[in-house]
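Each of the next two complexes has chain A plus one more chain, namely chain B in the first and chain C in the second.
And then the complex of A and B:
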């Protein structure tokens, strides 16, 4: 079906999502003196040794690879914070804790490239893995609740990687339900399959999932 | 339960209540109180001959019935000082002790009192309870000398530092606060370090200083007692052992060697604090809530929650040091005799209860379970004579230590002159790398390891700084200074063998072996500094020794006093010395001299100001060569040439601090910012690992809070002014040398613009708060005419015609001045402005274009003459009515003409224009309110004429 391929195009590969996440800002402590960089995405620096400044993650990683800076671990990546988040994630089966939208990618990048700048790196790594697993499991178990009368699913605090995983599936499921619900749509499936079902009246609205 | 201590009922209680017990200082009396009993009892123990352990036979106690409700706390002053009691009835009362006569009410609270404490001299009584403040009451005149507020919950424990610097307090949430007595400030707040009894009022948290004041004991969260450091509030160690529940009460032995603790598990443990080991224990039927060591001998008074008390003789096994050995007694002399006897007697008893099993005791490390039996087993034993001899010995020792102590006190009273320190160092820590020097360039670190250390030099800028191999240091360097070219290291002398050495390591040299070192016999290097091609060291002989980079001894100068710190940069060397002993208020008297080493001159000499009661913690030059000092109260001062050379306070940590527990460890500063490392309390120094990160803080003047409510702008104004004056001075200096100053001029100009912007903001806020005079004054400070016009727009917008008029006059004067002296600016403003202000007419025109709707299309012959003339803003408004685009062009023409024409001509034109304008305005009788207000002034065109006279 044409619609199918359309949807699969909207999936990013993990590397692509990571690429998008590289535009997130992060604080670094340079160990070189360098004038400000005037880039298309903005001006960064000037870089003075031992004085922190904020740059995009890609620049931070590039500098780090050359040994020109150390990356300051973001606040949410401390063992203390992550432990809290993990506990909260485990306690509330229907909610997601607020984490940066790109937390998976950022933590992955930092753990890959700046593991020497992260205090208690093993702990952080395992905590993030745990959090990720808990959340992915939550997403999957949430999918089971989708039924024929679901119009939309509201997921607050879902992160980029998570949404990227479920988006094509979810969209197709909703669409399939939609199609099978309204017989007149089936006949003209080819033309409207890719269209978003929007304001068609389909019986009493079901409440959105609690946040 | 083996030998159980017999407890005697003193207070009758129905329910468990907190009771307290206290010994008189000579051990002859015992005071007890109970929270459910209104009476305070004083038991006389000296009358009957002391009997066997546990028997506290005595005649009927003195009963003090003055409180209306239960007595929650008692405290005893030093010597035979007064007895204080606090009660649920909200009052604190004083009694003579041990007589028991009522002296008076001390204070009243609004809520029950929970805790009382006397300081060591008895001059202060601290009282606290459910009220939100600890009252410090002077016992001499019974006035409240201070109220310390900071606890969130009921304060249940108070303890004065025996050295009288601090007061420690604990509340029922388990939060401990160290208060500085001299200022009443909170030094450290240790949150939730003790059990939280907020829901359980039967248990009161307590805390207590060790008698030598070096540590503070606080009940811990894990059934232990935790010791905190006196000064830093850091956790030192804990006493953890056989308590199965939280510790609720404890008492230090008079010599501070032992600690008696009682827990909620109804046990009392005796600890040897040095060994961190419990040496004796006893289990009771009820929880013991009050403990008190007998000031002489070896006994412990205990009281339980049902009001029964007893005396535990020999809680410390006799084989061990007595808990009172080495104590300095504050008794007046006549009492000494008695007490001596008493003590000998006491000892006598203890030796009659014997130390048969001395040998066992010494041999065994683990005392607790057996020792009780052992004590019980003690039979009568030997030789009182020996014991007495020992006692005499120990008395001698005691007297010696007393003498020593007096010396110490004298020294302490005279506040110490601060020691010399190396800028950017951190104190040594066991097994940890520490900084010998840390500056904006890099750091020198050292790690001690088996008698010698590893010294490493690291530059922050790894790209540019040279790589320096680490070095093994056999001297034990403690001081270092670092710059791009090399580093200098020095060590103090440690005995005869290890004399003070100064070593210089250049980082890049064309010759091998260009490292050199100097040795100092009978002299000690105190501080070192480094500059361009020179090395300086100040020694204990008050010599300032200057060496060249290659180790040539160039100069030896004498400095004025013991050195405190030194800093070098470029050619300049700053040396801070003591000018005299400290003032009695605790202020250091410091003197600073700045030398130019290359020219062998002295550029600055004078006193170094400090915040009261603080000491110098940092001294250094900024990158642009300005001198700054930082003191322990967190104030940065920068030297400025203003007012014949003075120190300007530019930063205060108190204001900048975001939370209480931040300490700023300064590293450097530049024109507007301070670079520092933020250390979280209790740390006041950064550690080497992980690498500290610099924080940038903006300068802020200690401004008084003004009625403008524009503190930030005012601060910016001050700072920009300061910067500007620095730059102007630099320009002047450089011009004197005939150097190119264009870059500086540009900088000065941009600063002027910044300043003007800031002034305009201030004018706006002045207008808002109706400070018209101040606004006028500010307008006079504006440097460019453009901003002056901006100011006029502001006041026009805020409908203040008076100001508008004033500002116009200022602008007019300014323009006239410019006319008279087109090239040099009379107000001392920098040349940067000249280009800006030469052609006022050109800049007049855009303002007119802004109001084209006002333009009257009727051509007017006078206009061309008006336009080029420097006219007031109001005039301009009037003119605007008649100006047309052609006139604008004409105006420009005329301005060009004017550049060509002579000054006189110009002035004449102006006068003509001015006169005409005036006459016209009066003639036409413009009806707008703004111009109406201006009219009177315009009618009297005296000023312009007067000026013309001068000009011609």
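And then the complex of A and C:
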């Protein structure tokens, strides 16, 4: 895992983020009859064939693997919605479009296991890839504007996996900039107020960066 | 004091700085290869490791002269092109050293200079580190100081791990159907 030598920056591995994403609820249409499941995280009602019900994603994938249900695609994963989102992403160079927090992981799980339940699966897959690329480029270009005065970088509507991707790098960069900038109070650095609002959201202060 | 157990701090403090003695010192003629007696004259210019110079400077026994890595030539190099300056082989502890040196030496511009260098190199590093693959080590990595290298490594390993996760238990590469690279012209 990245960053393991540096205890101050803890990160999740991608598989762990996926695990957390699997708690999201999703609609399925079972094709078997089963009694209600009483689990610690909730009760999932008796399964009657052809009656849709909502279950966590991990349960949906497990049932799907055994051929006991078919998964209904969430609304945001239709081709029209995704095309809209992609266009909007391309148009606004600073903002991110609202997308479900775990869209990367959910889409990957669904595309892997339930690709026969999704209409136009290739289109959906390529659209999501494109959206991901565009958003990541935005993240990168936003990071370029970090200067010494940045307390924190606010990225609105970023998804869990994207955050996890930049987290170690960004944390270290901010620490490095903070360390370099502390004695120089004379420097009036440019706060890029027009681009991204800066929110005070800082961890514990350190003078020297521990390694 | 720096982290006592930190290896990179220990290594960094081994850098040599040139100092001028304010007082004469007896019994440490070892430090100056030019003396005949076993002592150091007042006003002598000697190269000491930084940890020693730091302590002596605190006791006001020496004054440190700025080493060449923060001198005029370096400033000119950085102004020409910050990203090409080869910190990796020449001065791997450039930033840490500068930060330690800064309070001891009279020259206040070192701090600004460090920051300026770092900010310029950072922009260059940002794009390259995220797109670098696992095996290919781009040439510019060799030019990074230790601190920058850790940043680079953090970004690259998290990218690589993400890519591995995407193709895990599929056996096929997930590529977009549209083959060509779509340039995201947002600016």
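To be clear about the criterion, the second predicted complex is superposed on the first by the 174 of 211 C-alpha atoms of A that agree within 3 Å, B and C clash if a C-alpha of one lies under 4 Å from a C-alpha of the other, contacts with A are read in each partner's own complex, and residues count from 1 in each chain.
We take it that contacts are C-beta pairs under 8 Å (C-beta built on N, C-alpha and C of every residue); 3 or more make two chains touch, one makes a residue touch a chain.
Please read all numbers here as calculations on a predicted model, not as lab measurements.
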Q: Return first, second, both or neither, reflecting whether A:125 touches chain B, chain C, both chains, or no partner chain.
A: second
Q) Looking at the overlay, what does A:52 touch: chain B (first), chain C (second), both, or neither? A) first
Q: Would you sort A:67 into first (chain B), second (chain C), both or neither based on which partner it touches?
A: first
(Q) Tell me the contact category for A:87 with respect to chain B and chain C: first, second, both or neither. (A) neither
Q.
Going by the contact rule set out at the top, does A:108 touch chain B (first), chain C (second), both, or neither?
A. second
Q) So, does A:32 touch the first partner chain B, the second partner chain C, both, or neither? A) first
Q: Would you check which partner chain A:165 touches, where first means chain B only, second means chain C only, and both and neither mean what they say?
A: second
(Q) Comparing chain B against chain C, which has contacts with more of the residues in chain A? (A) C
Q: Scan A:23 for contacts with chain B and chain C and give back first, second, both or neither.
A: neither
**Q.** Interface residues, chain A side, partner chain B - complex
**A.** 29, 31-34, 49-52, 67-68, 70, 72, 119
Q. Can you list the chain A residues touching chain C in their complex?
A. 1-3, 6, 9, 11, 13-15, 18, 90, 93, 108, 112, 122-123, 125-126, 129-130, 133-134, 136-138, 140-141, 143-144, 146-148, 161, 164-169, 172-173, 176-177, 179-181, 183-184, 186-187, 208-211
Q) Which residues of chain B touch chain A in their complex? A) 440, 459-464, 675, 690-694, 696
Q. What residues of chain C sit close enough to touch chain A in their complex?
A. 2-3, 6, 8-9, 95, 99, 102-103, 111-112, 114-115, 118-119, 122-123, 126-127, 129-130, 147, 150-151, 153-155, 157-159, 161-162, 164-166, 168-170, 174, 176-178, 182, 184, 186-187
